[in-house]
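In what comes next, chain A is part of two complexes: it sits with chain B in the first one and with chain C in the second one.
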Partner chain A sequence: MDKSKFSHWFFIGPHIILFVVFILIPSIYGVYASFTNWNLMTSPTWVGLDNYRTILTNQDSSFHHEFFNGMKNTLIFVGVSVPLMVAIPLVIASAIEHKKVKFKNFFQSIIYIPGLISISAAALIWSLIFNSQLGMMNNFFGADTVWTATQPYAWMTIFIMTVWGGIGGNMIIYRASISNVSQDLYESAEIDGAGPIRKFISVTLPSIRFPLIYTVVMTTAGSFNVFGQPLMMTNGGPRESTTVLMMYIRDLAFGSGQSIAGMASAMAVLLGMVILIISAAQYYVMNRNSA
Partner chain B sequence: MKKRLAFLIVAVTTLLLTGCGGNENVIEFWTPLTGEDGAYMDQLVEDYNDTDPEHPVNHVITSDLYTQIYTVLQSGSGIPDLTLIHADRVPSFVNNDLLVPMDAIISQQPELNEDNYLPEAWTAGIIDDVQYTIPLDIHGSAMYYNIDLLEQYDVMDWLDDDVVTFDEMLELEGQLEEGHYVVNDALLGWVALAQLQNVGGDIEGADGEPTVDTDEMREVIRYLREINEAGLMTPYGEDGYLMFQSGNVLFSTDGTWSRLAHEQVESLNFGVTNTYSHSAEVFHNRSSAHLFSMLRSEERTPEKEEGIGEFLEYIREHSIEWAEAGQIVASREVVEDPEYDQFMQSFYTQDERHEDSLYIYTYEHYPYVAEAIDNYIADIVHGEMDVDEGLHEMQRFVNDRVAEGDAELEDAADAVEDFDDDVDTNE
Partner chain C sequence: MNKKYNISKYLAYLFLITVCLIWVVPMIFGFTTSFRSQGEVVNEGFRLLPVNWIVDNYMAILENTSSAPILRWIGNSLFISITHTLLVVVVISITGYGYSRMRFKGRDVLFFTLLGISFFPNVVNIIPLYRIVDILGWVNTPWAMIVPGLAGMGNIFLVRQFMKGVPKELDESARVDGASDFTIFFRIVLPLIKPVLIVGGLFSFIGSWNDFLWPVIVYTDVQKMPVTAGLLLLQDIYGNYQMVGQLMGSAILAIIPTLLLFLFAQKYFVSAINLNAGIKG
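Entry: the complex of A and B
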């Protein structure tokens, strides 16, 4: 028997098994559940497109309101946080990679460590910082704002916490990519009279194109699944203005009453489709422009 | 070398399989008791196991108990022998045929009867005259007061009849120091549900439909808004619980279990009374209960049921330990023990009038109603949301969820009917 014929299965096999068991089958079942009425206690009942019809077209339904409010808030989160989560680490990585900067790994560690802290622990820290009674923000700056119950500050607290904990991973990718850019290109650019900004735009960015596409797409997909930050910081308030779609989905499926898993699955499928379309569009646009 | 490797694999596999297998005599007991509650229950279970019972108990804490229950019920295996569920889950569990009546256990343990428990806790487990649960406790709204602040404002007499009224609270309008408030908005949803009983309202209509957008609820909101508009309630979005512990609020409406946390604050000199009301004659404390129940399972043997009965009888006799967790113990024997008087929550069982104030909602759709109220009540009371709009939203929230659940049950009933028809035709 030719052992090498099967050797690749030993490498990819474990991942395939885990992927099929924990991702593929649940995803397929989730899509099936979206076409059913299901309370998790009895068997799902097929209702065809009823859930989607209710969510998308029945304006009198609370599910319609929840989906569109959740989607709007999710898009706000994605629209603000993704540019920040890409731009800030990119700038920091470029700065750290500057030849005159010392203690590069020290700075990198400081920025990366918050990403290792769980969202719950981070939210507790930031909740205390923004606490109107005990918090540093009000006591240090003499403000009397209830940060998490007043817009736009409620969003601001969420973004600050998200950026604080989320930039480290992207920064490391950018730093690794930037360090691989040939110094010859920078020297040539300098000879042509390019300044720091021109070198960044014309040399650095095109040279790290693929890591950039990867991080934008992955950060966007991750941001659409935001849940912990608004839950812990604002609990969706004030007046549901920070309630993101994942919070509604979770409440419907695993809330306090009998589960409405079919409707929750339909919302999750719609969210998945939005993520898929936007990620594909991002990949297409960025890849085409940089080709 | 190969032999050694084979031996190692067999040994490890054997160990793993041994680990997977459980002792058939052990009663698997699942609870949602996280934190200190879980530690107190662990101690109770450990004490019971120290009595060397034939069926020892394995206490498993799971924070998302109900999700876990749905999962094992779907798979049909690993169903726990005994579970501790909340009172508001009983109706839907029974309607979905998930619970086994406690008849067999009650017949084996004659002391597990209505007379030996607080009536509110016992009756919370009765559906259509069948007893599905044995109670552990009642846990509900409590109103803590700051003794130093009451003395400072010379209003200790508010506590004389054990009920602080809206009118009494309004006496302090314009009298408070800056940064001081009469009451916080902690657990405001529970307070609203207590007030609803005070004004004679309910969340269930005559035909079993959910009722939130009602005149009675409007009246409740009017009372609460009045307190807020007079500047007596902690501001919107503020951590009223923390403000009480910081000594800036006269009353805190939170839960019986909060006593433990308040006791940790050295400077806080506090006591407990009933949730405020519009009248000293009528008062309620919205409550829930932890109830022992058995999920339907083919794996549970009659011998194990006997063991469960012995465990529940032990708990009935020894749950003074559970009072440490701040809960109102359901066992009459414990509640009437002089030792129980040392616990602050004994206030709620001091006489029949107080026991009757512990109101447990057992309406099937209560969880949806409670969720709707929790979602919107603070916005409405603090004037962030119009009253009519808020009530309409709450009603719609509940109606839509109930309609989904009803459709599910109807579909299930139709499926059973179709199945029966098929069987008849084939016969």
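Entry: the complex of A and C
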């Protein structure tokens, strides 16, 4: 018995070390760095709330402009892409789960496969599709739109690519949840004279509310970290109208020239707080309304 | 009654086939364009199939081993993803065993504390993480992408949940027979939790293969980077659509490994996603 008193450290010890070094310390240090002047290499100097004051209130500062522009663009991305990334896979999953539809797994695979393609490979293909001279879109529709350099088209290219590559996981979750809904519920709804839309709203949606809450919260939290699609499709343009906050944070901390990691950390903490607050609010509202 | 189902059936098919067409056309377009010459792309405009199929683009891609060594990038990515995946399986199995089978004081409190901390948005820790990886001398080495991800809690949570479903009687009777924790872990528990380990492994592989932000930050050496970070450089290297075929060919080569994995492990993917969301498939 004495021997096993310590042997649990053999099982959980290695991971605890990894956790402390790669999650706990960097998280604490990230918050600490936001109150400092730091260039990533030398030791940081404490400046209190200066970074936050500059970002939030100093209208002449480029950091102020970058933060609010980046936050605005990130919120636009989240606000448009999350509803699309929930509604579209939900409709597709419902169609696949239609009683008489065959080849269910085939349809599912086709929709899921783009999710396995890395953002950079997908962006190369989509950039060509939307290329104004060589691209499929303009050739096909006989247009001459400069997609990635005019709004609202620049946003549209980002959303199209995001939906294309990002709905597979949610669709599989919805499909499995819908197929688990008891047939009795549908039958009794039919006896009450409910049509397909009515059945979807009053039977399907309430029955899959937990997977719905899960996917909404996870998709939202993930969308706040958006970085690759605007970087590769539009490079933040036109006129920084698609430059998201992660792009500014990366440029400040790791861009060419002197690293401004303290300021970048303050922006990261603010973004992190927004993510936490919105996730918690979503969970609270959705859980209460469906209870 | 039946008639109504038939109309909705055709609507569902129509919808699904349309969506699937929209979904595959970009992939086919990328694939076929990689077999077209630049002249054809410019002069003939959009065609789904090339007029002349050529492999020159792929020859050129493979010859460029200095500014865009695509095979080397794919090799780097394979080494990173495979090593990371194997280590993830080791870490989550022993740690999951520790948090579900070992009896020690404060076990569950410790577990849920770590889980809670891990929900902290990772955008905050990415800058200090770079500094730590730099101090360890891992910048521009595979370890920068292999090791930090091992600290995650998500897969350990899954393994712990899964182990709760494995009957305790099995290991208790072994314990009565005098088996140690190590014997119980390797002989009894490990074979039983294989499904959840496959799930954790698959996600880790795809996750590290497709990771983008982190490799863009930690790799500056063209010869050392994984393929996702490498592709970011291509738009400049292949001259802003002066070499479209080579651009598409590189993207296609980068897609092949995960696509093959999906074709061979398809059923695990579906159960993996559902297990993650807590749904019995």
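One rule holds for everything that comes next: the second predicted complex is superposed on the first by the 271 of 291 C-alpha atoms of A that agree within 3 Å, B and C clash if a C-alpha of one lies under 4 Å from a C-alpha of the other, contacts with A are read in each partner's own complex, and residues count from 1 in each chain.
Heads up, the rule we're going with is that a contact is a pair of C-beta atoms (placed from the backbone, for glycine too) under 8 Å apart; a residue touches a chain by one contact, two chains touch by 3 or more.
Just so we're clear, the structure is a prediction, and the values are computed from it rather than from any experiment.
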{"item": "Clash or fit (per the criteria above) of chain B with chain C on chain A", "value": "clash"}
{"item": "Chain B versus chain C as contact partner of A:Ile278, first or second or both or neither", "value": "neither"}
{"item": "First (chain B), second (chain C), both or neither touched by A:Leu185", "value": "neither"}
{"item": "Between chain B and chain C, more extensive residue contact with chain A", "value": "C"}
{"item": "Chain B versus chain C as contact partner of A:Leu134, first or second or both or neither", "value": "both"}
{"item": "Partner chain(s) touched by A:Leu75 [first = chain B, second = chain C, both, neither]", "value": "neither"}
{"item": "Chain B versus chain C as contact partner of A:Thr148, first or second or both or neither", "value": "first"}
{"item": "Chain B versus chain C as contact partner of A:Phe63, first or second or both or neither", "value": "first"}
{"item": "Which of chain B and chain C A:Thr42 touches, first, second, both or neither", "value": "first"}
{"item": "Which superposed partner A:Phe254 touches (first chain B, second chain C, both, neither)", "value": "both"}
{"item": "Footprint overlap on chain A, comparing chain B with chain C", "value": "40, 131, 133-134, 254"}
{"item": "Chain B residues within the chain A interface of the complex", "value": "64, 66-67, 70, 73-74, 92, 96, 98, 235-239, 242-243, 246, 365, 367-368, 370-371, 375, 379, 384-385, 393, 396-397, 399-401, 404-405, 407-409, 411-412, 415"}
{"item": "Of chain A, residues touching chain C in the complex", "value": "3-5, 7-8, 10-12, 14-16, 18-19, 21-27, 29-31, 33, 40, 91-92, 95-96, 98-101, 105, 107-114, 116-129, 131, 133-136, 139-140, 164, 169, 172-173, 176-177, 180, 196, 210-211, 214-215, 221, 224-225, 227-228, 231-232, 246, 249-250, 253-254, 261, 264-265, 268-269, 271-272, 275-276"}
{"item": "Sites on chain A touched by chain B in the complex", "value": "37-43, 45, 47, 60-63, 131-134, 146, 148-150, 237-240, 251, 254-260, 262-263"}
{"item": "Chain C residues within the chain A interface of the complex", "value": "5-6, 8-9, 12-13, 15-16, 19-20, 22-27, 29-30, 33, 41-42, 45-46, 91, 94-95, 97-99, 102-104, 107, 110, 114, 117-118, 120-132, 147-148, 150-153, 156, 180-182, 185, 206, 209-210, 212-213, 216-217, 227-232, 234-235, 241, 244, 247-248, 250-252, 254-255, 258-259, 261-262, 266, 269-270, 273-274, 277-281"}
